[in-house]
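Once you scroll down, you'll see the structures, which are given as structure tokens.
Two complexes, one shared chain (subunit A), two partners (subunit B, subunit C).
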Partner chain A sequence: MVSLDLLINAIVAGILLGGFYAAVTVGITISFGMLDIANIAQPAFILLGSYAAYIITYYVPVDPLVVGFLMLPVFYVIGMAVYRLYYYSFELRGEQSIQGLAFFFGLLFVAEVSLVLVFGVDYRFVEAPYIGPSLHLGIIDLPLRMLIPCLVSLVMIAVLQLYLSRSFIGRAILAVSQDGLALQLMAASPTRIKQIAFGISVATCSLAGTFLIIIQPVEPSIGRDYIGRIFAICVLGGMTSFPGMVAAALLIGIVESITATFYGPSWAPAVAFGFLLITLAVRPAGLAGR
Partner chain B sequence: MVGKMVRRIALAIAMLLSTGPVFAEAPSGSPIAIGFSMPLTGGLAVNGTSGLLAMQIWAEDTNKNGGLLGRPVKLIYYDDQTNPSLVPGIYTKLMDVDKVDLVISGYGTNIAAPAMPVVIQHNATFISLFALDINEEFKYPKYFSMLPVGPDPRPAITAGFFDIVKANKDKLGLKTIAIATGDGEATRNGTDGARVNIKKAGLDIVYDKTYPLTTTDFSPIIRAIQSTNADVVLISSYPNDSVGVIRSVNELGLKTKVFGGNLTGPQSTSIKTSLGPSLNGIITFDWWLPAPAMRFPGVMEFLKTYQARAGQEGVDPLGYYLGPWAYARMQVLGEAIENTKGLDQEKIAEYIRSHSFKTVVGDVAFGEKGEWKEARILTVQFQNIKGTSVDDFRDGKGEVVVGPDQYKAGDVILPYSSNNR
Partner chain C sequence: MRTGTFLIAAALVGLAIVVLTRIFFTNEYFFFAAYVVLQYIVLSTAWNILGGYTGYINFGTGAFFAIGAYSSAVLHKLPALLKTFDILIPAVPLPVMIVVGGIVSGIVGLGTGYLTLRLRGVFFAIATLALSVVVQTLIVNWDYVGGSRGIYIIRPAQAPLGGGYIQYLYTLMMALSVISVCIARWIERSRLGLGFAAIRDDELAAEAGGVPTLRLKLIATTLSGALMGMAGAPLPYYVTYLDPGSSFNLAYAVNSVAMPVIGGMTSWVGPIIGAVILGTIQQLATVTISSALNLLIVGVLLILFVIIAPNGIMGLISARQRRRAAIIEAAVQQRQAAA
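Let's look at the complex of A and B:
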């Protein structure tokens, strides 16, 4: 018989995990879902965010989350620079499909090797007052190490959603995801808009990377673990929709957590990806796709 | 720190500019080439890099002392990226292209096992480093294992843990056990052996699951274990998942009487210093610690050299976990080469099989299947750790040897919950 408190805690743990998954996927939803750029180097940028939090907190007694926020503009600039390089090297020449994929694949490995060379291969950690303690609300346990990244992640995505729906640039990003040519006819540069959007997608990695190193120790190759999962969540969410992506991330988190609790953790990825396949069979455009 | 980074980048550029494998010693004359793969990146690199430094120190020491057979020693190695699928190709290259004189394994079961078919095909002598029972299926006569697990390796890893369970069974009322196993070769082998010990201890298994090594959140697993009210909890894990498990256990306040078993990771200095007091109460294995009874001739001198270089090389600063063993393996190989007066694989294997060796990890003798004749695994409990600095673990502080009796440095503190975390 399923115990009620186990079930509730499994759902809560799934939501917390899903909030983290949403943070690591939001950048891919922008770059892959909206801009059609298969940025498989996204996990490498997330790891850069983790190492930025590690190295700065190593020297300066500051909370890792503060570092994550402070590094947002730096990552935004890095993202814009990477897009410029990608644009001139591939997109401008119409070679973005296979060559572009190879470019980001290469970037992933270069970033990984660079981290090895600079930081070595040891596991790196950060310290923060919320790593270790838990909040106990009746029968529910909320490890702060999971709760805080989840809450900050949801706030970050809500702010991004507001920005996309209310600001001129945000609406232009949504427009370029639907019809770049039409945007050009409205006297807006799709390239400039895509550059800004790609910058935002990489900027989110600053916070996502900080969440990652708060949740678990990192070493340079750990980003690879997330490639499959973040693309799956993006597709399940409907590619371009933030609410859809958040719903997909929470669903995957909850499915993984319930499976791990009641049926065994080794089944969790299989059940989560099975859930993805069934959803896509019923609704090929994803949860919130059009 | 900045200076350290500059040195590392300079070293990295030098490594990138070299077109072939990395040579630890500049070749001179006609060197004896010893080839191996090593996990220098990826999940096992934290220990692989430590083992490599120890082997480089051995090569330098040996060359300073006139080399082997009057010839210098040269290490030829490739980074296997902790990827077992790369290992057979590396050993094929080492033996067919680089034409090394001898091969030895990289660090760990997952890395050593895939080399075996290639090594057997070439009929080469092969000494592994921290590989658990990989010759069980092959039964290759020229295989030797530098891991003190004895003739029955799988149960040996957790034998000390279950000795403690048996000794406290009536006092603490230990009847049930929960097992969580990382889905990897070494961890699964460890759990296979633990099941033999569980049967002997007369415990009922109330939870027995494996988990993927990519697991991010371990709280569902720990909650599921908690719901079984198991008296004993046995975890068989790799470094990254050990951290996740230990954090979740502390966050959720797991109530059990004995906790630990086969956790890999807390032996590494970086993980010890990151977890600090949350390690208190955990019982697991270790191979060597600077307890008085473990200070074999030469080991402290080796560690002095190792620790002086570890910071600059960016590897495990203390080096207790793997360093002495990696050095001792090379001592065995070196002595066998020297005393057989040649590089004949058959003669070297026969010498290793039939002799006992004085090394920095004590006397080493090999028996059936190339395993150690007798097991010598330390059972340790983390106790009274108050901080997270390297000094909290230097000289074996905080990690107390609780078995076997001849190496014992303290008594076990049970139940698990009575340890101050």
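Let's look at the complex of A and C:
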């Protein structure tokens, strides 16, 4: 007999986890879904965000979330620089598919090995007042270290959604994802718009990385576990739609949380991949696909 | 050269290298290092059958490799397991393990291909990347092969073919290298290779032109996966301690992508060049500098090559030849004009 308390708590924990997964995936929804750039190095940028939060809070007594916000422009610039390199090396030559993938794969690996060389393979963590205590609502436990990233993440996604649908540049980003040539005919440079969009997609890693290190201690190789998850959520959510992506993130979070509660945490990584394979095989357009 | 002739020539070259090195090198370390380089020749050639010929990138080399290694571990423990049911079988010989490892990995390759190859190539690449996480999860949760603790494998006391056990492993890996290179070269020159190249250049046009693209891609994933599994099968006896962390190491995936990219993906020579150069550099760097740094070298070289020389060393060589031919041509024309 499955205990009801356990089930409800697993679902609640899954929803909180899903909110965090949405923050991790939003960058890929922009770069892979909208710009068609399969940035498999995204987890490396997220880890970079975690380590930035770690190293800064280690020397300066500030809240890790503040660091996450302050580092946004830095990550934005890094993202723009990476896109420039990608554009001149691959998009301009029309070789983006194979060589581009190998490029990002190399980037992922170099970032991981560099982190190992600098920080070693020990687990690193940050300190904050909300890491540890929980809210208790009846039988439901809400650990603050999960609740706060989840809420901030949902706010961030809402802001991005507003930006994309209301601002000029945001609409141009949506336009470039639909038809780059048409955008060019409207006298806007697709390359510049893509550069801004890619910058934003990497900037989200600053916050997502901070969430990651708030939720759990971090070591350089855990980024890899997120690749399957991120792309599963992105594909399941229909590639370009934010609401679809959030729904998919919540779904995967809940299923993973239930798997971890009832079958043991060592099985959880396989869940996202199973979803990815089934989605790819059965419904490649995703939940909210057109 | 015809395929049969090439096979004999390659086998003779391999045999000559094995015999000569076994006569002249008495230091066991040489065989430990050479085994790794040969293993990378098999892995990068196998990767190139799918990645170079059909243009589908596989980031899951580690998974296929580890499946081969773990199927050997299972076969290694099989006689002891059957003994509890009063069935007595002799210890499974290593060549049989290699064949079984190849079959199991080939089936996994077929399955992965079947689920993902109907879609764009990028999805295949991402699925293979996630595949290694899932296979690793399965192995970590499988107690019979040691789970996350790993498993100790005791080598047989005596090695066939004379010499120590490491020399035996080295000889087997040389044979696997010869076989995989011959398969790659045969594909390149057969109708199969033409079909693969058509898929790489324009899959839609190939499909419209009557190339059975899905079937060809499945052949490529199966073959490539099987060769990777075969390369992994002797691993338990090489390391004598098998654990998920080291057998699923991302280094296998990075190396098997980097080596063909650096050597050149369009012909069977490229992966060999890449594997020999990168493999040797890494072996030297591991001994002299550090093992983390040598992985950094591989990653940086991979990025540099895809940006600066996307066709690898082979591409640089043929570009040079073309330039030289053009210069000679120009000189000849100039002389004719002067006369």
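Observations on the structure shown:
FYI, the second predicted complex is superposed on the first by the 260 of 290 C-alpha atoms of A that agree within 3 Å, B and C clash if a C-alpha of one lies under 4 Å from a C-alpha of the other, contacts with A are read in each partner's own complex, and residues count from 1 in each chain.
The definition used in the following text is that contacts are C-beta pairs under 8 Å (C-beta built on N, C-alpha and C of every residue); 3 or more make two chains touch, one makes a residue touch a chain.
Because the structure is a prediction, the values reported are computed rather than measured.
Looking at the shared chain after the overlay, A:Leu101 reaches subunit C, while subunit B stays out of its contact range. Look at A:Val116: by the touch rule set out above, it reaches both subunit B and subunit C.
By the touch criterion stated above, A:Thr29 is placed in contact with neither subunit B nor subunit C.
With both structures placed on the common chain, the touch criterion links A:Leu277 to subunit C but leaves subunit B unconnected. Contacts of A:Ser177 after superposition on the shared chain: neither subunit B nor subunit C is touched.
In the superposition on chain A, contact is made by A:Arg145 with subunit B only, not with subunit C. Residue contacts after overlaying the shared chain place A:Leu16 against subunit B, while subunit C stays out of touching range. Of the two partner chains placed by superposition, only subunit C is touched by A:Ala232; subunit B is not. Of the two partner chains placed around the shared chain by superposition, subunit B is the only one that A:Phe125 touches, whereas subunit C remains out of contact. Overlap of the subunit B and subunit C interfaces on subunit A comprises residues 112-113, 116-117, 221, 225, 264, 266, 269. Contacts from subunit C toward subunit A in the complex involve residues 51, 55, 57, 59, 115-116, 118-119, 121-123, 125-127, 129-131, 133-134, 136-138, 140-141, 148, 250, 253-254, 257-258, 261, 292-293, 295-296, 298-300, 302-303, 306-307, 310.
Touching subunit B in their complex are the following residues of subunit A: 3, 6, 9-10, 13-14, 16-17, 20, 58-59, 112-113, 116-125, 127, 131-134, 141, 143, 145-146, 215-217, 219-222, 225, 256-258, 260-262, 264-266, 268-269.
Those residues of subunit B that touch subunit A in the shared complex are 1, 5, 8-9, 12, 40-43, 45-46, 48-49, 81-82, 180, 183, 209-212, 214-217, 219-221, 223-224, 227, 239-240, 243-244, 247-248, 250-253, 268, 270-271, 274, 278, 314-316, 388.
Taken in their complex, subunit A has these residues touching subunit C: 38, 40, 85, 89, 93, 95, 97-99, 101-103, 105-107, 109-110, 112-114, 116-117, 221, 224-225, 227-228, 231-232, 235, 264, 266-267, 269-270, 272-274, 276-277, 280-281, 284.
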